[in-house]
Every structure is written in C-alpha cells, then in structure tokens.
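Below you will find the structure I want to go over with you.
Chain naming follows the written order as A, B, C, D, E and F, and within any one chain the residues start at number 1.
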Amino acid sequence: MLNLVNKSPFERLAMESCLRVAPKGSAIVFLEDGVYAVTKGTAAAAKIQAAAEGSAIYVLGPDLDARGVDRERVMDGVTEIDYGGFVDLVVEHGTPQSWL
Amino acid sequence: MKFGILVNEGPFTHQASDSAYQFAKAAIEKGHEVLRVFFYYDGVNNANKLSEPQSDDRNLVKLWGELGKEHNIDLVVCIAAALRRGIKQDVLADGFRISGLGQLIEVGIAADRTVVFGD
Amino acid sequence: MSEEVVFDTEGVRKNFMFLNRKAPYGTIYALEILEMILISAAFEQNTTVAFMDDGVYQIKKGQNTKALGMKNFSPMYGVVEMEKEDAEEDEDVEMVWRIVVEQESMEARGLSPEDLVLDVEVLPAAEFGALMAQQDVILGG
Amino acid sequence: MKFGILVNEGPFTHQASDSAYQFAKAAIEKGHEVLRVFFYYDGVNNANKLSEPQSDDRNLVKLWGELGKEHNIDLVVCIAAALRRGIKQDVLADGFRISGLGQLIEVGIAADRTVVFGD
Amino acid sequence: MLNLVNKSPFERLAMESCLRVAPKGSAIVFLEDGVYAVTKGTAAAAKIQAAAEGSAIYVLGPDLDARGVDRERVMDGVTEIDYGGFVDLVVEHGTPQSWL
Amino acid sequence: MSEEVVFDTEGVRKNFMFLNRKAPYGTIYALEILEMILISAAFEQNTTVAFMDDGVYQIKKGQNTKALGMKNFSPMYGVVEMEKEDAEEDEDVEMVWRIVVEQESMEARGLSPEDLVLDVEVLPAAEFGALMAQQDVILGG
C-alpha cells in the first residue's frame, strides 16, 4: 500500500489517520498542500520524524517549488521525487490509498 | 502497466485535477497506458466546455481533452454526478463522454492500479 | 460524444474497498460513495465497505433531514446489508463482502455498535490497516 | 436589518449553499431584508440551470431563483469566478445575473451584516 | 463578533483557530459538520468544555437532527437554536466570522 | 438576466477584513480572495488584509509554479502593498490599510517576517482577535 497525503497537517487530520492505520513501514508520498508536513522547524515536525523511522517518506518536488519551500528546509531522510518518480512508486508499491 | 484514474474535484478550486493530469502525463511518458479517467463528484465539472480561464492560466478542460485524444484515453463523466451539477451533452467538451458509475468499477478491475485524486 | 470503450473483465475478481472517511450531509461524499457501492454489486467483486474517521457518523442511527430539506440517504445502507447477505448466500459465486468500522474512530466519537444502522465488524486500527493493505482498489472521496 | 450573503460553494457538494438558503429564508421570515446574495468561488455553480437533481432531492438552483424572485433579492454571480468554471449566459438560471466582484464589496457596505457560507 | 464553526473537530483544526484567536467570551455557533463538537464523551469534549467557560455556545438543531445526534448526548450548557435563532444571534452579536 | 441593482453607499466607510486562512495552490481560495482585495480598493474602505493558519504560506517568498503549469499569483501581492501605500499617501481620504499576520500561525510553521513577500505587522493571537472584533465585514474562503 502506498499512502498519498495531500492535506496540510496544520489544517486537517488526514496525516494522523494515515499514521494510525497504515501498516508499519508503509511508504508515504506528500503532495499538494501535504508537502508542508516535511518542512523543518514546524509544530508538526516531531510527529513526521517519528513516522519516518521505519517508513519511506517521499515529497513531490513540483509542489515544493510552487509553494516556495527552500530545499534546506526539507527534513533529512525525505526523498524528493517528480511526477515520473511518483508513477514509479505507484508501480512498485501496489495499491495507492489517497488520504483525502 | 495499465492505470485507471479517478478525479473527484472540479478544475481550479482544488489541485486534484491538476495533479491527476500531471500524473497521467508522466505515466504515459514512462511508457504506461492510462485506460480511463473517471470524473466523479465535482470532478464532472472538468468536462464543461464553457470554462474560460484567464489567458495566463492553464485550461484544464482543454488539456484533458487533448491528452485523451492524443493517447487514446477514455474520459468518462459520471452521469448521476453530472445531472446533479448540470453537466449535460449541451456543455460537454470534446473528447469526454457521459456514462454510468459501472465504468469506474470496470476500469478498477481492468487496470493494474487505480489512483484517486481528490480533496 | 466519444464512443464507448469496453474492457475485458471476464472472470477477474479483485478486492475492492470503499473507504468512507467523511461525515454525512456537510459534504456529498457519503451519498455519492454509497451510490458507487450499490452499482459495484453487479460486478461481483470482493467488497469491503469501510468506515473510519468521521465516516463512522454516516451510519449513525436516527438521521432526520426534514428540516434541512436534504435527502436522507441513511435508509439506503439497508441495501448494502442486503447485498452482503446475497453475496453470502450465493453458492455459485465465491465472493466476499465485509462491512467494517475502525474501532479507534468509533470510540473517539463516543459511539458503539448499538448506535449504528448496520451490523459491522469492529476492527482495531492495526487490523483495519492490514485489511487495507490486502486491497487491489481503494475508492473514496 | 439588512443582510448580505456570500455563498462560496456549489450546490450539493458542500452544505454551504443549503445553510445560506435556510438562513436567508429565516431572516426574511423574521422581517429582515436580504439585499443581495453573492455567489463566488464554486458558488457560481448554484446558477447553472442545467442542474437536475434526483426527484427525491432538493433543487437548489430553483430554490434560490424562487426565493430571489419572491422577496426581491439580488442574486449575483461573480463574472471572474464564473468564466473559469464555465457558468455563462447560456446556462444561467432565471433570477440570477452575472456581474463583478465590486457587487460583493458594495453589499458589504450597504448591509448591516454580511454572512459567509463556505467550506 | 459571532463565530461560526461548520467543521468537524475530528477532521479539521478550524475550531482550534477560533478558540485561539477569538476574544474571550465570544459566542460560538456550531453548524453543519461542526455540531459534532458539542457531543458528549468524544475525544474533543474536554476542549469544548474548557471553551464553554465564559463563552456562550450554540448549536443548530436541524443539523443535529440530520446527523441523528440524540439530545441527551449534547453537552450541558449548550443552547440549541433553529435558523430563526441563528438570525437573531447575527443581529445581536454583530459581525459574523465563518471559520471555514 | 435580472436587472442591475445599485445600493447607496455614498460616504460610508466601513472596516473590511480579508481573512486568508488557506494554503496557496492546493485550493483556489488564496487567488480568488486576492482578486477580491484588488477590486475592493476602488471602494475606499478601511482595509485589513490578514493572514493566519495556512494562509501565512500564501505570502512565502520564492514561489515557482512552472512545473505545475498553474498561475503563480505571488507577484500580485505587490499590488496589495501599492494599494496600502496609496491609501497612506492620499491626504484627501481618511482611509486605513493594514497588512497583518498572526504570530502564532507564523511561528508554528517555522516562518519569520524575512520569509514573506510583504511587509507585515506581526500580531499575537489576542491582538489579532481584538482586531477581528473591530471589523464590520470579514470576508474569507
């Protein structure tokens, strides 16, 4: 299962639901407003860091660019992908689940 | 691989339709096949040919229509969702067709992966 | 209008999950997923109708939309239950139907199975997640 | 008192349009005046005359049009938001008119209270 | 200022923003999916109870009915209103703010 | 189409707040509120352009939407700043323009005023709320 999270962790609780339910070690892709989740120094950072232990965390680069997120503010251990990389992940990891 | 895509939101208001479009394009560039894009909920508004965005903005209705034509993607608008929202044959953009929800289940069975884009 | 396209799905049986995570009436997702589930029955796929987060509220007993003038779709869940029974009774078809609720979501809302219009399996988050991981297609809104 | 109302979402998808309608009706029943309802964002979809909900559901496009006519409420659809979303004269329901965003600011100045309904 | 909250406290953080920013003692109306906030025995109950100290809390009855919320599950101290009562509150309290 | 209706607003000056609480690009609210603000300037009202919650992200520096194909509306905030300067310089009109950010929202996102494309007043939650309470009209989305 590949988890897709497109909501800001400061507006909605979609990410919490994903972290509570998704099997340990599931990969997570942050896209759209979800990309704010992987920025350093925010009130949500500790939760993501904890989730990152054992899960592969990806973030969509074009969505970071649109929102002006400087790369040095992206958390360590997060892998940046483009849409092609996003497609590859869906191929590799099987059924995607969009946490809308 | 064969992909099915579900678009839950209309153009502009949410990024869902943009993300789905970029995903579909990238999948095709990687040599995959997109069997069908199913437009449900407010997603049916992506097929409104009267949509006329500002000249410096993207035109999602046209972009979907062109992508569909060029790569033989079946663009299906759900009839039940469309009736509620006033998307009918009169305003249906080129390249789209209106059909039932069964078309979503069918592509879910036929595709290797079904990806949902929404709000 | 573009021409009809048909895909060959003969004899294929996949695991479909319809995942309900939104409250009813505030948005239309609950109603339109329900319409999706009812149509899907004809395709004889393995089906899990799942409720978590505010989706649990969709099957709360006692809904009455009269004063709002909105359509009360709560009775339509009875049809979901009938489809499940049909699937269980049909010996010709090896098809599994389940109706599941995530326990943590239900409890966080102060609800118990007696509050719900459907007979449900209550699954802790870990089991609910494990079931999600077995799906071929997860549809939601 | 004089009320202005802003509706941010289309019919059906969010309850916003329903709540705004019920509020407007109640305000009138209480003897207040609703000067104008301004439809912005996806709210412009409330003016699509092609909308055809199921027979056992409410028809918000019609309900708004009737309320407007009966109580002399100015129903204004924002032209910029409407163009993007393909709501044009061709599909505009009875009782609505298309105009600029200035009409929202104007009613905000003229009304005693402006109430926003959205998502 | 009259605060209107139409989001479920389990899905979005709109109510938290309202409670953080709105001047102490501001009235709050819960409507649409917001009505779940005033139900007893939920994970969000303590927060609302705390807010209720000093604020007047209202809930829209037709929205409770639609969602099947039994009245004995509505928190003590919450006043139920109909749309007419909603209009009266907007008249009395001045500028409404919708926490969308 | 219905006929045009005009209300008499001559000489009335109210306090308008345009409240931005949503992130840009994920939804259209940021762009369409901005269009609202720019149109409003002609009405010469007291104007507060306010950012809180994810709305603070709307004015983050360095936005580049090229790869998304979406319109980058970030430069349009420059016009908001110009309107504010015009209001301050115009001696014939007693009109107040303010651009404010709620401090708690900004800090929770790890941002500081140097990250923003606009010169803003940073207000703690209590002051921000007090300013909201002084408004005649609060518009948002």
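Here is the rule we use: a contact is a pair of C-beta atoms (placed from the backbone, for glycine too) under 8 Å apart; a residue touches a chain by one contact, two chains touch by 3 or more.
Since this is a predicted model, take the numbers as computed values, not measurements.
Q: Which neighbours does chain A have in common with chain E?
A: C, F
Q: Which pair wins on C-beta contacts, C-D or B-C?
A: Between C-D and B-C, the larger count of C-beta pairs in contact belongs to B-C.
Q: Please tell me the distance, in whole Å, between the geometric centres of chain D and chain F computed from their C-alpha atoms.
A: 24
Q: Can you compute the centre-to-centre distance for chain B and chain F, using the mean CA position of each chain? Integer Å is fine.
A: One centre to the other, that is 33 Å.
Q: Would you please write down the residue numbers of chain B that are in contact with two or more other chains?
A: 8, 12-13, 15, 22, 41, 54, 57, 114, 116, 118-119
Q: Could you say which residues in chain A touch two or more other chains, in rising order?
A: 6, 10-11, 13, 32-33, 62, 82, 95-96, 98, 100
Q: Quick check on chain C: which residues sit in contact with 2+ other chains?
A: In chain C, the residues touching two or more other chains are 25-28, 53, 68, 70, 136-138, 140-141.
Q: Each pair of chains that touch: what are they?
A: Per the contact definition above, the touching pairs are A-B, A-C, A-E, A-F, B-C, B-D, B-F, C-D, C-E, D-E, D-F, E-F.
Q: Which positions of chain D touch chain E when the two form their complex?
A: 1, 3, 8, 15-16, 19, 22-23, 25-27, 29-30, 32, 113-119
Q: Touching residues of chain A toward chain C in the complex: what are they?
A: Checking each residue of chain A against chain C gives 1, 13, 17, 20-23, 26, 95-100.
Q: Taking the complex as given, what residues does chain D use to touch chain C?
A: The touching residues are 12-15, 18, 22, 54, 56-58, 119.
Q: For chain F, which residues count as touching chain D in their complex?
A: Against chain D, chain F makes touches at 1-9, 12, 14, 16, 28-29, 32, 35-36, 39-40, 42-43, 45, 136-141.
Q: Going by the contact rule at the top, pick out the chain C residues touching chain D in the complex.
A: These residues of chain C touch chain D: 25-28, 68-71.
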